[in-house]
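Scroll down for the structure; my scribbles are underneath it.
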Amino acid sequence: MSWLTQTFTSSIGRKFLTALTGLFLIFFLVGHVTGNLLLFKPDEGRAFNEYTAFMTGNLGIMIVRYLLYAAIIAHVLITLMLAYHNRKARPVPYKAAKPSPHVTWSARNMGILGTLVLVFIVIHMSNFWYSLKWGMVPTINYQEGGDIKNLYAVVRDSFSSLPYTLFYVVMMVFLAFHLYHGFQSAFQTLGWRHKKYWPIIRNVSLWFSIIVPFVFALMPLYIYFFRNIN
Amino acid sequence: MNLNSRIPEGPLAEKWEKHKFNVKLVNPANKRKFDIIVVGTGLAGASAAASLAELGYNVKVFTFHDSPRRAHSIAAQGGINAAKNYQNDGDSVYRLFYDTVKGGDYRSREANVYRLAQVSVNIIDQCVAQGVPFAREYGGLLDNRSFGGAQVSRTFYAKGQTGQQLLLGAYSALSRQVATGKVKLYTRTEMLDLVLVDGQARGIITRNLITGKIERHAGHAVLLCTGGYGNVFYLSTNAMASNATAAWRAHRKGALFANPCFTQIHPTCIPVSGTYQSKLTLMSESLRNDGRVWVPKSLEDAARIRKGEIKPTDLPEEARDYYLERRYPSFGNLVPRDVASRNAKYVCDEGRGVGGTGLAVYLDFADAIRRDGRNTIEARYGNLFEMYEKITGDDPYTTPMMIYPAVHYTMGGLWVDYNLMTNIPGLYALGEANFSDHGANRLGASALMQGLADGYFVIPYTLGDYIASLPFQKVDASHPAFDEAEKGVKDTINKLMSIKGKRTVDDFHRELGNIMWEYCGMARNAEGLQKAIGLIQQLRADFWKDVNVGGNVDELNMSLEKANRVADFLELGELMCRDALHREESCGGHFRDEYQTPEGEALRNDEEFTYVAAWQYTGANAEPQLHKEPLQFDNVKLTQRSYK
Amino acid sequence: MNLTLNVWRQKGPHDKGGFVKYEMTDINHHMSFLEMMDVLNEQLVKKGEEPVHFDHDCREGICGSCAMHIDGRPHGPMQGTATCQLHMRVFKDGDTITVEPWRAKAFPVIKDLVVDRSAFDRIIQAGGYVSVNTGGVPDANEIPVPKKIADEAFNAATCISCGACVAACKNASAMLFVAAKVSQLALLPQGKVERKNRVEKMVAQMDAEGFGNCTNTQACSVECPKEISQDFIAMMNREYITAKFTSDNV
């Protein structure tokens, strides 16, 4: 086994990859949430659609996008492997097991949270990304750029449904918990822990995991309540 | 029998150097032809096994624990002495030697103790190189403290966990040799007999504690590093499984047992709280630097405190007896261990003891807290106070601590010569298992020093002297002597299993402990010792008729393990009483009521008893035979201790 | 007080095992948990039954032998306490207490509550040492070590190798144990010479033993009787990745 394979098949190496991909996904979330803020612009989605057109047309962004898909897949596959291995490490469970004090619920349930987030990503992608790429998205013409896809219409359509909107909101809660542990955990795994900076990382982790999913959750709610076509 | 101590000729300071030159060497290429058996993995065993493997010997090392790192050396708290004189306060090899001989009440060998003081400095270097995290000063150099009433600061320490850190150092050196294959490690394997071929130690018989399998191991030399026998008292600060079986079975095969009655009783332990008590916990001696020891003046107050009618804090100053300060105005609460222990016993015997059992005295920090503030006291003793509260449920900041003496260390052990070899050629004893360096009383922070000195710096030199005289051929474990020893072990086990009596092993052990504590404890007298001998003989007879072991032989059976050990304690206890009875003087940890000064202090009899009493086994129910090794003091003058 | 014990009994490594209930009466609240187990065992032996086997030795919280999963937590409900230092006063009259062995693939049960923790020894043998022979070392004060570093190394070195970290971890990971030794030696100048080799070998051995992976729940530090910090796990992660990318081992 070469040293590189050895490294990334070791327990710490796999965790290292989990942390790196996780952090990459966290960076992506920052971009994603910032771009999607355009949904709140009261221009019937023009800015949002133009942003979408830019994001789908740019080569550099395309590379990042494929990296993102790779990161998601890697993050999922590696953590599945870890979870499988972890399960094997304790073949006989405890009859009585109480959670240790100071251990967060998030930390103990990353597997379930991750699975839920994955389910969400699949539904989310199939709804917006799939239809954008392969599906029937109406086009719109804002004169300057010719016909572009009107993703905003799809978004507005989707979030006219109450169950669908609620589904998104609930999923964002799970994402929040997943992020709360994942954010700081990534730093711990990378060994970036220092007396001076660890409290900062913990705080940023907390606020990040609240703010980002909250803003995401506001989007379906905003559309449902204020831009509802029904 | 001629006891040749093999002490080298020449001036004290040159003996060891000369001896190292004079001992025979084994050619490096030939060392791999020799198999050395090391029993025990505490400080002495682990350091010896690692050092011998580094030299090239094939080492087999045995422990009854699941890991070498569990040996009871790990529990030593205070520190380790070394004559480094880093503090510039007048310490030297000679002073450490002098203090140790004096502390041992002139019942140890000058030459051995001097060597111990000499190699003490190497031990610290060795441990630091291994990565032992000793306490340090802000400048990055090693810190020292004064310990156990020493006039110089020569004790190196790692918080209250010095033994742990030193053992982990030795364990890591041992682990390194296990990885190289030079050491073969046998865990959960207990030595049950020594095998002699033509009078030489040639192997051991062991029991695999998991499978119950009786196994033979052959070697060119056997090193017993099996610790002390304090558990003969049932309650002691020793670990639950600490035992004398390896040493005792070697004794039965002919090894002499020296000074068995020299036991050290530590004054500051947490008192017994009930009959279920399984062991006693030591509280660091340093507590006596600030705590004041007292009991109520009157019997009535003591009785009311015991019943819980009044609290100790209710008792006014004038109703308290600070008995150590009263009797020993110049040393006060800092009198040596044996004096402090004995006085606690006296006041409790008078009926002035406190606690539920009446067997406890107060160690009060109220004055210290008033004087220095709670924060200062917390900084000094915080972890100890916390431990005390964990065990007793009492808060020592608000109510005085209760303490009582407990058996802590045994100075006696297998008789060894200057090379650490017993009178059986090829059988060595190291660390607490031998008798050699502490005389009648051990100084604080000297046990760790001795264990590591023996293992790292003495045996690697002295073992070669014997090995070099041997032919190269392998020792054959199919020799009839192995058959015989194995059969003996199996017979004993089968007998223990077949009794199926009514009393548990612990029951016998507890009763033996009570006898020993009562008659062979802090103060002894002829009448009591004679009585104890009778009681122990009776108890031993009962044991072999009425013990209930249970379980099976071919599996993990902790009752059987205990039964084997207690069977040996039942013989050893009697020998201790015999030794105590024959030694008609008081010295160090051995105090005879009949031999005391008018002030009640220990009265040595140097005319008649300046010797090592080495006992030879003559049969389970036969009187042992005494051999004397006279002690000669050419460098120190024998004086009487005084702490008034 | 009176208690009900629900104790795991298993005759041997290949036995299936199961829980057995024992009613304990008149338990003194000053007893330690192990003394209470002693009382149970005395009763069992007197009845001609086999006593409950459990590892224990020093009974002062330093040898690391005792290892019981009590009432759902390693070493029981008190933090910073090994089983032997746990006293009955923390329980209430009428409590039912479940007692189980450590559960991990790398710690197979030998009998009842006794498990095989030799995996820890093998991890140390893989590199948990400074390669110096006896003798020929420099004077102890020739290498100054800043007090802070020495104290930090000491904090890591207080590990008693009981395995509570593995028992507490939902993944049965041994990271805290390994990290404590790796960090102790990586911090000290004496251990720096071999730091890369050491961490690579020790982690490889840890993985080979079948322990799980760390998911940073930090339960290990919470249940550790010596309260060894998570900082050391981060330090080991750092040491490992650095070593893997910069050492000479290909």
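Every chain is named by a letter (A, B and C) in the order it is written, and numbering of its residues begins at 1.
Note that contacts are C-beta pairs under 8 Å (C-beta built on N, C-alpha and C of every residue); 3 or more make two chains touch, one makes a residue touch a chain.
Please read these numbers as outputs of a predicted model, since none were measured by experiment.
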Core chain by centroid distance, with centroids computed from Cα atoms only = C
Could you pull out the chain whose C-alpha mean position is farthest off from that of chain C?
-> A
Mean-CA-position distance for chain C and chain B (Å) | 27
In whole angstrom, how far does the Cα centroid of chain A sit from the Cα centroid of chain B?
-> 63
Distance between chain centroids, defined by C-alpha means - chain A, chain C (Å) = 37
Counting only contacts in the complex, chain B reaches chain C at residues 47, 50-51, 54, 65-72, 74-75, 84, 86, 122, 124-131, 133-142, 158-159, 161, 163-165, 168, 171-173, 175-176, 178-179, 185, 187, 210, 239-241, 273-274, 276-279, 281-282, 387, 390-393, 456-457, 460, 502, 504, 506-507, 548, 550-551, 555-556, 558-559
What does chain A use to touch chain C in their complex?
-> 2-3, 6-7, 10-16, 82, 85-86, 88-104, 107-108, 110, 181, 184-185, 188-193, 195
Could you please specify the touching residues of chain C with respect to chain A in the complex?
-> 6, 8, 19, 69, 71-73, 79, 98, 100, 103-106, 168, 170-173, 175, 203-204, 206-207, 210-219, 222-223, 230-231, 233-241, 244-245, 249-250
Note: in the complex, chain C contacts chain B through residues 11-12, 28, 30-32, 34-36, 38-39, 42, 45-46, 48-51, 53, 55-65, 78, 81, 85, 87, 89, 110-111, 114, 116-118, 120-121, 124-126, 128-135, 137-141, 143-147, 150-151, 153-154, 157-158, 160-161, 184-185, 188, 190-191
